[in-house]
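Two complexes come next, and they have one chain in common, chain A, joined by chain B in the first and chain C in the second.
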Partner chain A sequence: MDDFDWPWEYNFPPFFTIQLHGKTKELQLSVWTNLVLKYFRHHRESQYTIGDEIVLFSNQQIQRKLSNDGILLILEELEKSGNAAPVDKKRLQWEIYWHPLDEWGNIIYQWASDNGMTNTVCTLYEISQGESSANEEFFGLDQSVLVKALKTLQAKQKCELMSFDDNEGVKFF
Partner chain B sequence: MRRRAGVGAIHKQKVEAEKYKDKGIEIQDSQFEQMTKNMEVFRENLEEFAAKHKNEIKKNAQFRRQFQEMCAVIGVDPLASGKGFWSVLGMGDFYYELGVQVVEVCLAANHSTGGLMELEELRKRLVRARGQNAKHQEITNEDILIATKKLKIFGNGFVVYPIGRDRYMVQSIPGELSLHETSVLEVAAKQPEGCITEELLQKELNWNSFRSNQAIEKVVGSGLAWVDDQGEVKTYWFPSLFPGRTIQQR
Partner chain C sequence: MNRIEYSQSKLREDETYVSKDKGVKLYDGDEKTSYEDGEVVLTSHRLFWGRPGEISRGRTVLCLHLKYIQSIDEESASSFVFGRKKRIILHLSMPTRDKSPGPNDNSLANFIKLSGRNGMDEDFVKSLNETVAAKVWEISTNNQSTNAAKAKSPRIQLRTGIVGIERNLQEKQKQTDDSIQLAFQDLSKLMTMAKDMVGLSKVISAKIRERQGDISEDETVRFKAYLMSLGIDDPVTREGYQSSSEYYSNLARQICEILLDPITEVGGMMSLADVYCRVNRARGLELLSPEDLLNACRVLSGPMKLRQFPSGAMVVQLESHDDEAVAAATLEVVEEKESMSVEELARLLSISMILAQERLLTAERVGNLCRDESMEGLRFFPNLFLKNK
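Up next is the complex of A and B:
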């Protein structure tokens, strides 16, 4: 937590006020979107609900915080690049993908074929919590994100999701 | 017998006067000639000196400055040296090289500074950018000022503004700053965090609210300053003057 490398903008008070001037705003949004992805990646988290107070959007030291509208603006910016998606209709609950879903899919598929796991069935638990993926970036990945990533693979006929008992599994081709 | 002033006498006087005048011109000419000769000798010596101490001049910043001053006195610009005898020095190269590096460093930072950078920061970045090869070459703020002067040929994309005592801002985006904007910069540079309010401008510059408002709109509109509306009053911040920006890099 403490070892997170904040950009200097995080201590720059106006960074927490959405800028009106076009170019400055563009720059501000790009710094924010990068920071959000970096933050969630660092903490290996994927879920965020607008209104939750987290350090990322609120800097106690300089007493500045980003408004909910500001947060929404940044998440919508991330949505454009496939790095975030709202989960509910009110667009309050969000998932953040520090890799876009299809990229996640490819990373997992690469891992599966590197480890000779094609044509066998493995559980989702094995993928995100198993020993053989302990060093992988997707280790500990949010279950719902994992399923969505695998679905992009399924759409490309590279795997098939299946459920048995109350466990979910996947077969890579 | 009293001599009368005749035409002859007047004529004689006139001739004498002319003679004096001629003599005067003659002396002047010879003096000038002498001076020119001296200058020639001086230039020759200077050239010899420059060639002899070439390395010293390139390495030692203080030496370089004194040499520059010496050249300025006799009206020689070692930078206009492309082909002339000054090229023995390669001093032109030194500044041209520095100029190119100035451009590189400024452009690389433009996105986060809004196109403005303090001379001192620029110097630090330059020294870092020049790296190991030129480790022994000290770069002074004066060197950078000389180099940036040469960049004027690129139009108004590179301008240096004085902002108070011995402080300069280098602007590396096209578009000249108005007097209003530079005044605002000067005030901001005096604040420890590089942030201003409308009230501060009114107080420091004796401006009315309309004028300070307009100036603020201008600096915000050109991307030089950011707005913060979470304080008691609206504040305006210059990333280029914000100390927190450079602290983290070290």
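Up next is the complex of A and C:
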């Protein structure tokens, strides 16, 4: 594992069993939700399908694995705070937003106005992969997450999504 | 049986109804008869036996005049399967010549028995005794005619004279013989098993010695003291009480007395299975059914009570037993070993698995421990989530 900073709980076997005691469970879930967000942010990933074995939910060293039910519980907890959303009806595929979508929108808008990009059209590719955003947090952000974030901006009349040819673009106001 | 006659089940003028019982079987002497599962009605003069419903419809049924009854005895049949039930024996005098015909007229037995499926109703037996003692029929027949006097004479013959005395003695002898036999039935079974039991106890003590290395003198003495101190002088039995609630409350008091020391010794809590063994070992032959024990435990009052855990397991625990204290003590043990399974705790504290599990769950409920379910089973860890916060 690279330089990811695991919390001590990650090596504590009971961490991988959803606890029954109310207060304990509350604490455990909050550690988990923080860890999940931190993990996905570290890896700049947004997609997760329940059942995929990733290091986050399965600690080989202590031979512990969080059950799928447990994972679902944590993702649902994240959903409550707007940090995750299911993609399919079976709630197996999830998108994880380490910033809630409207926060993402604001960050992007801030970047756009700081760079004098208002009233011009730029492609989504430019935003997530372009040179001018290389140091931004949303660099490499998942396309579908990006679109959803921009949609929140559009709802606030701060931008407009448009599609031309086979590419998508956005115009900031 | 030849004293019984066929008769219509109708009351005569001066006759009154006294009592009845159901599900009664007749014995001719010691022989079973086909007269089973009938109703018995006792009047001031006679005793009727009929198939269910026959008596109330006034059909012809079996009838025994009470004047034939010389004495009434009780016999209890004991069997390991059915428990104890009472039969009553009616010792009869010789039949009078004017007796109407009846079943088994050539029978030779001088007594009949009545037996119910669950023994005879106590009240019925009592009223039978009273009615026979009252001799209402004598008063009426004496007034009527001298015929009755003639009819009485054979009975007097039996009681008086050397033959009468001899017969009486013989009967008594037989009775004592029977009761001795009955009394030793249980004992003989015990004796046949005694050899096995002795062997078993030897094996057990050998095992204990093996496991613990050398048992010190002190411990052997203690072990023996345990075995000796188990008996109860006067076990509470169901027969002694009118109502079951009274029986249970008395039983509960006795259980309390027996268990106070052992429960304190094992840390304030004992599983119901252990209680059952403990109590029954102390009672010796008067064994309790699990149901009776449970009912008695439900009404336990005083220093201990029955408790059911959320898991369904039931224990008897001391009033002073405190969940928080248990949780704290359990945490201490688990902390020492870092983590523990139910099995390990049970072994360490030498308590049953159920109790060990309840201890861990109690500690978990309080928040002292947290669980770890994995392929290797359920383990408990000190609750670092709360502690490290």
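A few remarks follow.
Everything below uses one rule, namely that the second predicted complex is superposed on the first by the 172 of 173 C-alpha atoms of A that agree within 3 Å, B and C clash if a C-alpha of one lies under 4 Å from a C-alpha of the other, contacts with A are read in each partner's own complex, and residues count from 1 in each chain.
As a working rule, a residue touches a chain if its C-beta (ideal position, glycine included) is under 8 Å from a C-beta of that chain, and two chains touch if they have at least 3 such contacts.
Keep in mind the model is a prediction, meaning the values are calculated, not measured.
Steric overlap between chain B and chain C is present once the structures are superposed on chain A. In the overlay built on the shared chain, the residue A:21 is in contact with chain B and with chain C. Touch criterion not met for A:89: it reaches neither chain B nor chain C. Of the two partner chains, both chain B and chain C are touched by A:13.
In the overlay built on the shared chain, the residue A:63 is in contact with chain B and with chain C.
Comparing the listed stretches 95-103, 203-211 or 365-373 of chain C against chain B after superposition, the clashing one is 365-373.
Residues 8, 12-14, 16-17, 19-21, 23-24, 27-28, 63-65 of chain A are contacted both by chain B in one complex and by chain C in the other. Taken in their complex, chain A has these residues touching chain C: 8-9, 12-14, 16-17, 19-21, 23-24, 27-28, 31, 63-65. Note for the complex: chain A touches chain B at residues 7-8, 11-17, 19-21, 23-24, 27-28, 63-65. By the touch rule above, chain C contacts chain A in their complex via residues 339, 364-365, 367, 370-375, 379, 381, 383-386, 388-389. Residue ranges on chain B touching chain A, taken from their complex, read 111-112, 114, 195, 220-221, 223, 226-231, 235-237, 239, 242, 244-249.
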